[in-house]
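Quick one: structure below, then a few questions.
Per-chain residue numbering starts at 1, and chain names A, B, C and D are given in the order in which the chains are listed.
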Amino acid sequence: MSSDELNGLYQQLILDHAKSPHGRVTLEHPTGSSHQLNPTCGDEITLSIQVDADTVAHVGWEGHGCTISQSSASLLSTLIEGREVDDTRLLLEEFRTAMRSRGAIELDEERFEDAIALNGVSRYVARVKCAMLAWVALEHALDGK
Amino acid sequence: MTSTTPTAHTLTPAEIETIRGDFPILGVEVNGHPLVYLDSGATSQKPVAVLDAERNFTVRRNSAVHRGAHTLAAEATEEFEDARETVARFVGADADEIVWTSNATEGLNLLAYALSNASFSPDFASLKLSVGDEIVVTEQEHHANLIPWQQLALRTGATLRFIPVDDDGRLRLDLLDEIVTERARVVAVTHVSNVLGTINPVADIVARAHQVGAIVVLDACQSAPHLPLDLHALDVDFAVFSGHKMLAPTGIGGFYGRRALLNALPPFLTGGSMITTVTMEAAQFLPAPQRFEAGTQRVAQSIALAAAADYLSAIGMDRVAAHGSHVSRRLLDGLATIDGIRVLGAQGERVGLASFDVAGIHAHDVGQFLDDRGIAVRVGHHCAQPLHRRLGLTATTRASGSIYTTDDEIDLFLQAVSDVRGFFGVTS
Amino acid sequence: MTSTTPTAHTLTPAEIETIRGDFPILGVEVNGHPLVYLDSGATSQKPVAVLDAERNFTVRRNSAVHRGAHTLAAEATEEFEDARETVARFVGADADEIVWTSNATEGLNLLAYALSNASFSPDFASLKLSVGDEIVVTEQEHHANLIPWQQLALRTGATLRFIPVDDDGRLRLDLLDEIVTERARVVAVTHVSNVLGTINPVADIVARAHQVGAIVVLDACQSAPHLPLDLHALDVDFAVFSGHKMLAPTGIGGFYGRRALLNALPPFLTGGSMITTVTMEAAQFLPAPQRFEAGTQRVAQSIALAAAADYLSAIGMDRVAAHGSHVSRRLLDGLATIDGIRVLGAQGERVGLASFDVAGIHAHDVGQFLDDRGIAVRVGHHCAQPLHRRLGLTATTRASGSIYTTDDEIDLFLQAVSDVRGFFGVTS
Amino acid sequence: MSSDELNGLYQQLILDHAKSPHGRVTLEHPTGSSHQLNPTCGDEITLSIQVDADTVAHVGWEGHGCTISQSSASLLSTLIEGREVDDTRLLLEEFRTAMRSRGAIELDEERFEDAIALNGVSRYVARVKCAMLAWVALEHALDGK
C-alpha cells in the first residue's frame, strides 16, 4: 500500500529510534544548551551538551515532534557522545550539506553509521527542517548561544 | 445569513464533475496518484474563468486606474470599479464600503493601525483608544486576528482580553457579558474557525458589543468562500476576507467598513491616489474607499476576484453551503469510525473542514503518509497556536474541502487515515 | 550602476518588433487607431512570458507556501523562494534582503511604520526617532515617498526637511551639507524622477547621509525598469520598486533592506507565517524576510515578477537603458522643434520619458487630443504636486516609453503634439 | 485630422467660452461660496453666489483648469444668474444625470440653451469630473457648505 519512497523515508530504524529514543536525559552539568522551534508545526527541542576537554562528553535532550525530528535527535545523541568538538562541527556541516542536497549527496556510512537511515529525508524539502532541528540546537549549544 | 437554507440541495456528482473540469490543477498527479486536494482552507484552487478574466483584462485594457485620462485608463477604471461593485454585492455591502487589500491580514492591520493613528491625532477623538479601554478577541482566532490587536494594545496602552473556549472549542458565551463590558472599544471575532470549521454565533456577540458601544470586526476568511454572506444583515462594523481562499488569485482581499465609520477613520497607507492637496509640509485625504488605497492598486487581481464571486454566485451560495455541510458530515462520520482519532470542535453547523489528532502519531507524519497517496492536507497549528494549546495539542492534521471536493476523494482520504497507524506500528 | 555602459547598443527596429510580438495589448485599437502606449511610466504592459509564468504556476502548483508540508506546497514554496532569488539578483541584492510587497508605496509605508514602531519600543532604541531628529526628502518626490515621511514625523515628533530643486528641477546639491546634518536620521530620495526622467546623483547623497549616520532610502520605481540596478554597489540602506512598472502584473513589489538593518527593524504587518511562538498575550517574530511577510503572500505575482526580471535580463539591462536614452533623445529633440512647448527637467542622463507644458492649453485637453489618435499619455500632476508647484505648473502631459516603444510611435506622438495648438486655436 | 467625436466634445462654443469665460468676477456680498478641486489634475475652482429673495442674483468664480471645466463654469454662470434657487437645484440634478449617462441622456435644449454644447462630455467618463467641477461647487455654495 505504501510506496518505496515512503518506506525509504520511514526506515524501520527511524521508526524504532522515534519510538525508543536515545539521549532523552537531563544533564547535571551542561556546558551549553539550546532551544529550537519549528514555526510551522510548533515542534520543539531543548538540547544540552557537556564538553570536557574538547570532547562532547554527554548529550541530553527533551522535546516533542514528528518521527523524523525525534529519530534525528536520537541518532545525533548516539553519534556525538564522546566525539571531539572539532569533529562534531565537521559532522554537523556534513549532515547539513547532505540534508540540503535534495538527494544528491548521501551521508557517509563510515561517519554516520546508523544515521544514514536519514538519507531519505533530503528528498523531502519540507521535512529537512525536521531532521535539522536537533542539529541546529547542537550548533547553538556548541557556540554557547 | 450564516445558515444554509434548508431547501438548498447539495451539489450532485455530475455538477461536481462539471465544476472540476473548470479547475485545471485537479488533473495533476502527485507521487503517482491523482491529486486529492484537501487543503482549500489554506488556499483554494482557481477556475479557468477567473484566470481568463485576469488575463483578458491584462491583454486588452491594462493601464493605470484613477490616474489616467486616456481611453484605456478610463476603461480600466470602469472595470476596476465594476469589480468592487460585484464583490460588495457578493458580501452584502455597498461598493463604497469595500477597500481592496492584499489579503485578510492586511485588512486587519489596516484597521489596527488606523485606530492607533486615530489615537494619536486630536481630529479623531471618537475613535481614540487609551489606557483603560479594552480590545476583545477570542481564543479561537487565527494569528491574523490576534497579533495586530496585541500590537494595537501595546501602541495605545489599551488592554487585550479574550473570550475563552470550552473543551470542544466552543466560545464561552456564558462569559460574554463579563468580558465585553463598557470598557470594550473593539470586539474582533472569526465567523468560522479555520481549525474547527464551526460557525460562531455572531449575532449574540454583535448585540452585546453594540450594547456597550464597541465596534465589531468580523474575520470572514472562512465564511466568504463557503456561506452566503450578508455583512449588512450581520450588522458588523468591519470585516475582512481573502480572495485566494475563494477561488481568486493570491494577492487580493477585501476590507469592509460601515460607511460612516469607514469615513471617520484616518488613513493607514499613504501615498498617491488617496489625496486631494499635497504640499511639502502636509497632505489632505480623499474620502473612503480611495483614502485607504494608496499607490497603484491590484487591478487585475480585483477583476479576478469579481470573476470568482460571479463563479460562486452562478452556482449559488446556498448550494455551495449545502455542499460544505455534506463534505463536513462525510468527513466527521468517516473519521468517527477510525480508531485513535480525535476530531476537534463541537458537532453542529460546520463548513466542509475537519481537524484531528491521530493518537501516537505526529501530524507531520500523518500528512506525509497521506501525501504519498497524492492527498494534500494541512499539518501544524494552522496559525492558531493558542487554540491548539487550549485543546492540549501542538499540531493537528486538517482536511478542508471546496466545491470541487468529491465523495470519492473523501473516501480515499478516510482510507488513508485508517491505514496510518498500521504503517507507523502504533496500535491502540 | 546608474549609467548606461557606453558600448551598449540601443535596440534595433527588428528587435523592437520581436519584443512587440510578446505584448498582446500592443495590437489593440483605440478610437480607430492602433494603440500608441506612451504611459509606461504609470504602468508598463506585460509580455506573454510573464502572463504564462503566473498561469503555469497557478494551474500546476498553486498551494500555500511556507505553511504546507505536502508535495504541492513544497514545490510552490520552492518556486516562490526561487523567485525571490531571481528578483534579488536583478536589483543587486541577496535573497534574504528582499521582502515582497504590493507595490513601492507599501514598501515605503512598511519602513515608515516599522521606524515608528521602533520609536515606541525600548527594544529598538537604536532606530528610535524623536523630537530633534530630522527626516530628509527632496522636492522631486512622488507622493509615495513624501506623505509616509510626513506621517512618520507627525507620529514621532521628528522634523521633515527637504532638498529643494532649482528652476530646472535639479536637486540643489549645493545645499546638501546644510540640509543633511547630524540631526538627519533618514534620507529618502528617488533614483529617477517620475516627472523629469532625470537620474539623480545618488552617490553624493549616500556619502553625505552615511557621513552623518543617516539611513538612505531609495525610491527605485523608475530606475528598476529602465537601468541596470545594483543596490549593493549604490550602498543604499533601503529601497523600493513596483513590479507593475517593470513588465510584471499589478499587486507585487519589492522592499530591499541591508541585511543587518532589516533584521534590526521591528515588524510592520503582523499575523500568520511571521511568528515563532504565539500566546494570547504576546508573539515572537521570525527573522527577515519572513518577519515582514504576514499572511498569505502574493505567490503567483512574485513568480511573475521573477519572469519579468528574466525577460528584461535576457534583453540585457544595459541595452534596455540604451534604448531608454534613445527614446529620451528623440522625444526631447522632437519637442524642441514645436512652438510653445516647455519640457520639464534638465538635459543630461534620462530614462525614456518627457513631461511638458503646451502654452495656453491645459494638459487634460492635450491628452484628450492625443487620445483621439490612439496615443495614451499621462496628464496631471503625476503624484508630484510639490514639484509641479515649484516649477510653476499645476498639470503637465507626460510621454513615457519602454522597450516596446518605436521611433514611429514617437513620431506619431510628436506630430499630434504639433497639431494640438492649431486645433484649440491657440497661436503663439 | 481630428475625428467627429473630438469635434463633438470640443464644439466651437466650448472653445469660445473657455477662451472668454463669463462670470469670472469677484462678488462683493456672496451668500455662499465653495472651493472644489479635481485631485487627478489639480484643477481648482472657487465659485460664489449671492442669493436674494430665493433667486441666485449673482454668480462669480475664479480658478484654472481645462477647456471643459472652464467652459462649463462659464456656461453655468450664464444659465443660473437670475434663476430661482429651487429651479437651480433642479437644473443641477438634470445636469448631473445627463453627464453621468454615458451619452444616453441629452441635456434639454429649452432648459440648457448654449450649455447643450457640453452634451459630448458624457461619453468621456474621465472628463465628466471636469464638467461637473463648477456644478459641484454651486451645489455646496447653495447648501452654504
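Here is the rule we use: a contact is a pair of C-beta atoms (placed from the backbone, for glycine too) under 8 Å apart; a residue touches a chain by one contact, two chains touch by 3 or more.
Note that this is a predicted model, so its numbers are computed, not measured.
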item	value
Between subunit A and subunit D, centroid-to-centroid distance (C-alpha), Å	78
Centre-of-Cα separation between subunit D and subunit B, whole angstrom	46
Distance between the centres, which are taken as Cα means, of subunit C and subunit B, whole angstrom	31
Distance between the centres, which are taken as Cα means, of subunit B and subunit A, whole angstrom	38
Residue list for subunit A, restricted to those that touch at least two other chains	40-41, 124, 127
Overlap residues in subunit B, where contacts from two or more other chains coincide	31, 67-70, 73, 275, 277, 364, 368, 379-380, 385
Contact graph of the chains (line, ring, star, complete, other)	other
Those chain pairs that satisfy the touch definition	A-B, A-C, B-C, B-D, C-D
Residue ranges of subunit A in contact with subunit C within the complex	37, 39-41, 124-127
Complex contact set, residues of subunit C against subunit D	31-32, 361-365, 368-369, 372, 379-381, 385, 388, 394-395, 419, 423-425
Of all residues in subunit B, those that touch subunit C in their complex	24-25, 28, 30-31, 35, 37, 39, 42-43, 45-46, 51, 55, 58-64, 67-73, 102-106, 108-109, 113, 117, 120-121, 137, 139, 142-144, 146-148, 150-151, 154-155, 160, 162, 242, 244, 249-252, 268-273, 275, 277-283, 294-301, 364, 367-368, 370-371, 375-380, 383, 385-386, 389
Interface residues, subunit A side, partner subunit B - complex	1-3, 5-6, 9-10, 15, 19, 40-43, 64-68, 124, 127, 130
Complex contacts: residues of subunit C adjacent to subunit A	66-70, 73-74, 77-78, 275-277, 286
